[in-house]
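Listed after this line are the structures, all set down as structure tokens.
One chain, chain A, appears in both complexes that follow, with chain B as partner in the first and chain C in the second.
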Partner chain A sequence: MSDAPADRADDDTAAENVERETLFERYTTRALVAGVTVVAVVALLLAGLAFPDSLAGTLADVLTSRNTLAATLRLSVPIAFAALGGIFAEKSGVINIGLEGFLIISAFGAIYVADITGGVWIGFAGGVVASTLLAALFAVVTIGFRADQIIAGLAVWLIALGLAPFASQVIYGSPNTPTVATSPSITVPVLADLPFFGALFSASPSVYMLFAAVAGSWYVFERTAFGRWIRASGENPKALDTAGVSVTRVRYAAVLISGVLAGMGGAALSLDLGQFTGNGPTMVNGKGFIAIVAYLFGNYNPVGAFLSTMLFAGLDAVQTVLQLQGIGIPRQLIRITPFVVVIVVLALVGRTRLPEAAGDHYETED
Partner chain B sequence: MSAADRARDALSRLARASATERILISTAALVLSVLIGAVLVLVAGRMTTCTAGEAVYYFGTGFCYDPVVVFDRLFLGALGDPLSGSWSPNGQFAVTLRETTLLIFTGLSVALAFRAGIFNIGTQGQMVVGALATALGVLWASSLVSGVLGTVVLIPFGLLVGAVFGGLYGAVPGLLKAYADANEVITTIMLNFIATGVALYLVSGVFKDPESAANQTVPLPEFAQFPALFFGARQDFSIVALAFGLLAVGALYYVLEHTAFGYDVRTSGVQPEAAEYGGVDAKRTVVASLTLSGALGGIAGAMYVMMVLGTFQTGIPAYGFDGITVSILAGNNPLGVGVAALLFGVLKSGTTVVQFATDVPPQLVGVLRGLIILFVAMPEFFRLLARGLPGAGSRPEAVATDGGVPGERGGEADE
Partner chain C sequence: MIHQHFMLVDPMTVTENITLGNEPRKWGGLAVDRRGAREAVVELADRYGFDVDPDARIEDISVGEQQRVEILKALYRGADTLILDEPTAVLTPQEVDELFDVLDELTAQGKTIIFITHKLGEAMRAADEISVLRDGRKVGTVDADATTQEELAELMVGREVLLDVDHGTAETGEVVASVSDVVVDDDRGVRAVDGVSFDVRAGEVFGIAGVDGNGQSELVEAVTGLRTPDAGEIRFRGEDVTTASRRQRIEAGMAYVPEDRQDRGLVMQFDLVENGLLGSQHGAEFAANGRIDWSQTRGHAEAIIDEYDVRPPDADAEAESLSGGNQQKFIVGREFERDPELVVASHPTRGVDVGSIEFIHERLLELRRQGVGILLVSSKLEEVQGLSDRLAVVYEGEFVDVVDPEETTEEELGLLMAGERPGDDGGGGGGPEGTASGDAAETESGDASETERDGPADPTNAGDGERA
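Showing the complex of A and B:
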């Protein structure tokens, strides 16, 4: 992982009303985290090269394995899609804690529709629709009825957490659905045979869709008028209103987009496995919350959010491999590493600069 | 007028203006959630299959589940069927009171943090930590004392252990928020996952009961558990624990309303800036209120171990998340928590009755929990409804859904 997210992430907010000093501080903590990651990985690889039989050797093998990259990409998909969705909502001024709920409802919706229609892609669309409907409810409640965004987000999460297993129980008699067919992975000839990076060219279609979504989101924010409206709606809604653009409509659009994107992530999550599991925290298991940290760490930049997602997902991929290899550390403890890392990262990054008007309702004056 | 006076003024005005309205909104939210739940039961009843004889008919259409039966079982069943004439304190009613007792503590935990303007989503994790610590601490201490003396000594000891460890676990997000500016919503949710993971590791390894197939600690001796006075032992309810819960309701109310610390907490929740001008140490208040909130969650865990299970087992039910609902339903008022806990205790206990009596999945209550929170969060919706009704006056001032949304997030509390 390079320190590119640190550079990029700070570019777009640098100009705005951030004091120079705090900008500098934030730049250094991000650069520090990224730098330490790079140094640790390089050191580990060198140590592994020198002592192939030690623990470092095992770790280096795992890190350079093509399977690890493939697993990282697969695990990134739901988190990164949700993070992109979160960026849209929060940049427009609506804090979206309900991403976890969007992922849960779309993961179930996708399997259900795929099961009754027999089409994987129809199922995918079904998952996206389910999540978008929930997003519409969230939008009406927070924008239309001015509910507290955090509490409404919690409610959306808890509703999905109850509704998906409830529906599964009603329809299939168990919180877990039966399995459906999965879509085959797409392989680019020649390139897929590369050593390590080959994993980039032999992956599930959802991985390619994620690449497109990251690039698309970046383009929307950096190059289009709509992207500027979203930013203005979160930073200075009054100015946007004065310019003749409806803040309410921009926010509705942004929250709906966040539902579509998170829905793609949730649908990809369950369809890649061909099953929805709804026991306990369901198969989504906190991915929506990790997504929030990913975009905070990526400083609301789609590319930054994607790279920090890769960091979290990479950890998850490595811990899965380590569990299988059965090295000294117990399985249950390795499993919580991503959560611990999230807290450490959050503590290091500290206060991320929320969009100025995030969390506030905007009253049109007319 | 000093900033502190102004803050106090805003606070008392808010409390007066909204007390009645909040009760109305909470009641309306509950009724509306039950209605939507009924529709959901009907829809679910269309999506599943059953024989014609089992189906019920409404509006000329057959449904597999009958919402009237579901909610009859949910509410009357939970109260032990008071209308049937064969009511006894040893039935489902005791289970309802047991759930109420636990929900009082998790509800108070969430409410206290909310009042300080902090979203403690981590009560669940704090409860797990408190429960595990109590199970291990009391198990160790039970070899030192026994008999009636054992009960008298061990129960307060167990509650103390739960409170201390839950409190310490609550202090972690507090310190992270105060000194590293880390958002407590995220950290507390992450700490929930970590608590569950570490507890699973410990209980499936070093502290595992060798004689049990489940991941649990060695069961506590009978004298180290809450005595089942007046009520049957099978329902795992103790009136002593409930009394303790009611005491906690009163104590927290007193602390919040009549002590200097409570004043700091409330002003930080309503107007953090004004509180700081008025001399409140914001960082200390954050850490202190999250620690105390964690301690209450830890006590819930201790109660669960010493009253319900008699051991620590992985997979503690989601009392912490239900605590969020209880607190929001109660407008984060400790006295309200007592009432909301009973209401939600009925829902939780009724779930098992519904499961016995019908085929409706128990996850229904999870959906209701989310719906209730959603509706309580949108008072504007009910104001619009009320305005539509004849003879209802409109209320111009906006009221926050809880006692203290931090000003930076949504400052409508003080407008």
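Showing the complex of A and C:
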């Protein structure tokens, strides 16, 4: 009897330790990844300073070049837009793996509309409309008819993957479209002359739109009633329904927003080059899937998703620059990095918490 | 409407949940007025004397507090009539008392409350007027002050029921199953069962009482082979079965009435013939050489239906077309017909009508008379107290105490279920000696082996208050 309280105390501390451990794991894994990245980069830069002629020196040069940052931003745009769209859909409880399809259809739509109207911005709007229509189809099938979200998402991807090159073939006689005019980049005076960060202030309009979209998405989720409804719809739709908000309408809205955002990404992608190329996996080439990885890695936070996109795109950009300098890292190796990262993160850490009701249909009890 | 299952969003805060769907806005609707929302919640909680933290996340607060949040949610929307559906199912007795205080406060302020329950004691205590529903019809409305529990029970089942199960003394045989120092983690990796030891003997009911979610599910899963314990040993009929598969355990004679009949007990889209085969699908009787003998299987299902009074008596009916009570009777029948050595019954009467409860209880006691060991887990105090020969109380994955249910009052059990160990509150009278718990004590977990209990302070009043 006398040692019973002592046992209890031990158990309590043990329980606390367990608790602390999980808290530690939950909140620091991403910090750890970020920390390791920063340390590695700093070490590389120092090594580069010390031995400018070595491989480290070259790498350091590449990393500090504003061209790398500019390339990273350019590569980030479609992925980050699609990731934001994915966050909206999945937070509301609809897993949207059709992001790739939204990107493809909007990339082609933008070029087609720009080609027939001659206006870059009208083309951009055309791309967004194309993707939103596809999103509406996806929404009707998954929310209205309660189809399986994964199957429907795959269907969206495959439809777009087939439809865009086919339309291009019919209209232009080739899976690749002719080139159209691109919009010039916007340069902020003075700031654009900054050594490294100048790249942030001399970029194409889509980069600025991306910044606005990231901030806007964050605001919607954190500050507006609609953002809370989306969260509730993905976590416990019954609670939202009981509170008098239509889950169906919230989910429709979220999926349509998802289509709009992904459409902006796809349109920006093709209009940046002025051409849609539809061979093989098309010019989108898996960016929609990397977007899914990015928002999972970013834990459904718009800013987190943007930063992880930058990380993945940054690797790609460095690889491209290194290739030009004759230091070849196989492109395929860089390509798979995001997927390896996400498997490691999900498998070893497993702390990305999916919305409770993601993937479930909501049945109203009437 | 306060649902039995809370309509709350776990990762969101109390304030966010209460205001969900009716958020106060600012900037022309472009933003939620978070300060205003918080103030409204604090003001509302103060007005009704509720104790809630407006900034806590739902997943971090107790079930009793979650229920208060549910009530606040209704009040925030200006409700004058509150409907509470089985509100006490998940609460400790102390939390139930708090709930009744809250309800008193609400009625004093002019709110109307509709309180749905199948527990007679609660109906008597909470209500001014009681209507009894049976088979979808209202069979009577009585004044709570002018009626008795027996009268209510009669209305509910349409005939007289024996509220006190005739129980008799246990003639215990040898140890059937023994669990020693078992540690089990739940799906999230959190320790759910933390060093539990007990023995179940042939011909006794070993009860485990406790509020849901204190590790009972994980413990039962470890015993039945659905989950591998992280430490400790489970022996069944003298053999170490700690890592034995579910199939090996079934074949060795362990029957299991699962807590969630729709999830683990039945395949809802299968008919009763197919469901009756579940668990015996490897047996030579029904499936020799890998082929199912359907006529044999059908006969088996029909025997269960007949013997266990499953209605409608149609073996071709799909499981989902049966009422909860009849589904449960079918599962109980299927499991008991295995000629088990040990029955693990987890919440065997949850969500089941009074008639079926009575039936299932009688069957359990009959098996016990036949010398079968029974491990009974239930959050219904009157059930575990009424049926068990020895009763363990579990709290946060540990046995707080193992007591003789006859000698213990509901109040004492309530305190144990809330994690208060015997002796914490200056335990008075010496422990009873020579009763069933005397020889049981040697087999109990270490820290409970020398129990001191409060003498039964008020034995007359205790117990019959909540029996249903």
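Quick note on the criterion: the second predicted complex is superposed on the first by the 317 of 366 C-alpha atoms of A that agree within 3 Å, B and C clash if a C-alpha of one lies under 4 Å from a C-alpha of the other, contacts with A are read in each partner's own complex, and residues count from 1 in each chain.
Quick note on the criterion: contacts are C-beta pairs under 8 Å (C-beta built on N, C-alpha and C of every residue); 3 or more make two chains touch, one makes a residue touch a chain.
The shown structure was predicted, so the numbers you read here are calculated from the model rather than taken from an experiment.
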item: Touching partner for A:228 - first (chain B), second (chain C), both, neither; value: second
item: First (chain B), second (chain C), both or neither touched by A:240; value: second
item: Chain B or chain C, by number of chain A residues touched; value: B
item: Which superposed partner A:363 touches (first chain B, second chain C, both, neither); value: neither
item: Touching partner for A:163 - first (chain B), second (chain C), both, neither; value: first
item: Chain B versus chain C as contact partner of A:151, first or second or both or neither; value: first
item: Contacts on chain A seen with chain B and repeated with chain C across the two complexes; value: none
item: Chain A residues touching chain B - in the complex, by the definition given at the top; value: 95, 97, 141, 145-152, 154-163, 165-167, 169-171, 175, 280, 285-286, 289, 292-293, 296, 330, 332-333, 335-336, 339-340, 342-343, 346-348, 350-351, 359-361
item: Sites on chain C touched by chain A in the complex; value: 1, 3, 7-12, 16-17, 20-23, 25, 29-32, 34, 73, 188-191, 194, 396, 398, 421, 423, 447, 450, 452
item: Chain A-touching residues of chain B, taken from the complex the two chains share; value: 40, 44, 47-48, 119, 121, 176, 180-183, 185-187, 189-191, 193-194, 197-198, 200-201, 204-205, 315, 321, 324-325, 328, 361, 363-371, 373-374, 376-378, 380-381, 384, 398, 400-402, 405, 408-412
item: Touching residues on chain A, where the partner in the complex is chain C; value: 1, 3-4, 7-8, 11, 14-15, 18, 22, 223-225, 228-229, 231-232, 235-236, 238-240, 242-245, 353, 356
